[in-house]
Amino acid sequence: MPGDASQEKPVAAKPRLTREQIAQRAARELTDGAYVNLGWGIPNLIAEYLPKGITVHFHSENGILGMGPRAKPGQEDFDQVDAMKVPVTLIPGASFFHQADAHLMTRGGHLDVAVLGGFQVSEKGDLANWKIPGAKGSGGIGGAMDIAAGAKTLIVCMEHTTKDGAPKIVKQCTYPLTGLACVDVIVTDLAVIDVKPEGLVLREVAPGWTAEEVQKATGAPLIAKSRVAEITFV
Amino acid sequence: MKQKVYPSLDAAVADVPDGARIMFGGFGGAGFPNNLIQALARKGTKNITAISNNCGTREGELGLMFKNNQVKHVIASFPGPHANHFQDRYAAKEVTLELVPQGILCERMRAAAAGLTGFYTTVGVGTEVAGGKEERVIGGDRCILEMPIHADYAFIKAQKADELGNLTYRLAARNFNPIMAMAAKTTIVEAEEIVPVGSIDPENVITPAIFVHRIVQAKGLRYAG
Amino acid sequence: MPGDASQEKPVAAKPRLTREQIAQRAARELTDGAYVNLGWGIPNLIAEYLPKGITVHFHSENGILGMGPRAKPGQEDFDQVDAMKVPVTLIPGASFFHQADAHLMTRGGHLDVAVLGGFQVSEKGDLANWKIPGAKGSGGIGGAMDIAAGAKTLIVCMEHTTKDGAPKIVKQCTYPLTGLACVDVIVTDLAVIDVKPEGLVLREVAPGWTAEEVQKATGAPLIAKSRVAEITFV
Amino acid sequence: MKQKVYPSLDAAVADVPDGARIMFGGFGGAGFPNNLIQALARKGTKNITAISNNCGTREGELGLMFKNNQVKHVIASFPGPHANHFQDRYAAKEVTLELVPQGILCERMRAAAAGLTGFYTTVGVGTEVAGGKEERVIGGDRCILEMPIHADYAFIKAQKADELGNLTYRLAARNFNPIMAMAAKTTIVEAEEIVPVGSIDPENVITPAIFVHRIVQAKGLRYAG
């Protein structure tokens, strides 16, 4: 999809989706009755944007199924926290279990959808999301590797490019990997992309963006149908 | 909201195809999904691979499946002296058997449930069950490699199910049921009682709803023969 | 320990311990607070003969800890059965769990003592107890292999010889094995024997029996101290 | 009858020697055995190998162990950005770290508990955690071999303990505690409440008494920093 760069506005000038809008778009990937794990960062905002009329069962890897919204101030119970240490509520039919069973659920293919943040996603669906090369300190993996290996559908929510404008969707990850060939869908501030056996298929673009512009911001080839739809918000 | 409660036993097993791999809960007369087994007899599914601790008690429990010649292969720990229908089919070579130590049967199903692709154990080393299995020494101990046991369906007997699929079991009728519920692709539960969502304390749920796909209410049926 | 056979009564003529007496003697190996699994046959009789003043927590591999005596007729609950399908009672502080956790206990070294029946025990402590060569039918393993592999102390209770008078304690098992080098103590109708790195150590003999006589009924060498005590019953 | 209830926190940890391998329960501020950790600080045990999901929150939870330089090696999943005492010791090379994916940390401890001697998993294949581990293909999937994590002690935080050692936990404070309780040679429990034997319904026991060796009553202590 090569474009003629000279005829286009600079990429940075166009508005992109906000973090909330990325979450809002990703929320529409969830279906009624799904069992879902939300990771740190943008994914954690998704619960606020569930489509009306559907029930989603949120899983937390510390041993909760059926989390509701955050607890209101003053009503927090600090023994009832999610994986981000945030006091949460429960929906009816929730359950508690130990952490080995919680990860039996992640690894064993029991989660319908998991949504993780990402530093880089490769064209094969490799994910890097736990460690920035050269960062200070020990780093930490948490549940991401188990979740990446096991979820039936893995969605990654992230900005399309780094703060310096470098693509985060790349031919090959240069950051330390979380998992190989694990990502199914990428939702960014510029696009919705499916990771398919034939490559990265551009499903939707941010309002006002063209497929060519999104390709320019992407470090791996995108496959686009003749007309790619714009992301809409209801 | 997505419905897991089925109107009848027959509806709950209506799609179980010939050749299905099915786990059956129960041990020592307790916790057998006898109503589902009877429905499967009515359905007439053939060439089943049955994964179960034992092979029934006369025509009770799994016995009915062998009486009707619906099973072609069994993975079991203790077929049992009163499993006469199985024993007859086995003697006639109409059914084949893989014998597995009971705890290893549990672990192999749990490995499938947990997305593990194999494990080493000292259990069975030097015995008939080690036949054909990879052996290696780990930490000075002879170990064999055991592989996960997957299944298409699990037939489970619970005491209570809420409409989402959270389960509790009664006393020692728990036995294999929670493990099999986690290990199969589609878990079908017969529950003594279907209770409203929210009526099982979240701390007392034994099988979380994520593992349960179909629920049907059925009054306990115990083979007392 | 060769003896002069001509001076001795035929072995068969002397009284041996009954099955109940074997159980009674084996019960004395259990200590206060021990977690114990009892197998089929003679081991299952042991619970009746616990030393006074001690509490033993009986484990059943179908998922019970803290079994009490059999349920009285008319008071049976057939959802509360032991591994022999017998309706049992509970002692205070009992618990239920699923069968994978029940065998995590057997294999993982959590049981202080397990007592199994036996067809043969070798001088190395190999056990054969699940299948008689040439027997009709499929045979069945049950929990014995997990229990044999994992118990901290494994006691085997059995008759010292077969009905034909052949020794069941042998140099090498000829029956299909349950486990290698797993037996710690053998209690028979003739003796109590410890399986030690140096060999089979004769600890006690049945009343009226000599070490030499027990040796004659045994298919592997026994190590005896100068004076071997007689089994006593209180 | 054998007594598991200890008169004080200090008595419960009095024999924990230098160089001990200790599992510490807790996740996200919930279910940490903070009273036992403080007792271990008073005892002054050194050169600990700590097995824990994270490495404390400032001086709270496991943070105290690093502040006091009592730990030489950590096996953890997510040391954490607020584990400043750990991070300082780590930067100064006073403590070494093995990073393990969280679910694999659970499974490796469970393998130790269950007497399994290793298992294969697809988790971590092609990543830094696969370094030095055996890799093989099973059923078409690249897998790595993970080994059990054993420990001398587990420090556990429970809600209720009966005098035999049956435990329950409160809400999500359950987390790693039941797994660690099963995996260690000696399991030491601080319980909010010690209740009479028989007062926990046998069907609602989460950690059966067989896994518990020492119990001490201690009022919950939460690090709120």
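Just so it is clear, A, B, C and D label the chains in written order, and each chain counts residues from 1 on its own.
Assume contacts are C-beta pairs under 8 Å (C-beta built on N, C-alpha and C of every residue); 3 or more make two chains touch, one makes a residue touch a chain.
Small disclaimer: the values here were computed from a predicted structure and weren't measured.
Set side by side, the interfaces C-D and B-C show unequal numbers of C-beta pairs in contact, with more at B-C. Seen from the C-alpha centroid of chain B, the farthest chain centroid is that of A. Averaged C-alpha coordinates put the centre of chain A at 58 Å from the centre of chain C. Between the Cα centres of chain C and chain D there is a gap of 36 Å.
Our note on geometry: chain A versus chain D, Cα centroid distance of 31 Å, whole angstroms. Contact with two or more other chains is made by residues 96-97, 103-104, 107, 149-150 of chain A. Those residues of chain D in touch with two or more other chains are numbered 107, 110, 114-116, 121-123, 169, 171, 202-203. Which chains touch which is summed up as A-B, A-D, B-C, B-D, C-D. On the side of chain B, the complex with chain D involves touching residues 107, 111, 114-123, 138-139, 141, 143, 147, 168-171, 202-204. The touching residues of chain A, when paired with chain D in their complex, are 60-64, 77-85, 96-100, 102-104, 106-107, 126, 131, 136-146, 149-150, 176-180.
For chain B in complex with chain C, the residues that touch the partner chain are 27-31, 53-55, 76-81, 86-87, 90-91, 97, 99-104, 106-107, 109-110, 121-129, 142, 169-179, 206, 222. Of all residues in chain D, only 1-2, 110, 112-116, 162-164, 166, 182, 197-198, 200, 202-203, 205, 208-211 touch chain C in the complex they form.
Put simply, chain A touches chain B in their complex at residues 32-33, 35, 54-55, 57, 59, 65-66, 90, 92-97, 101, 103-105, 107-111, 149-150.
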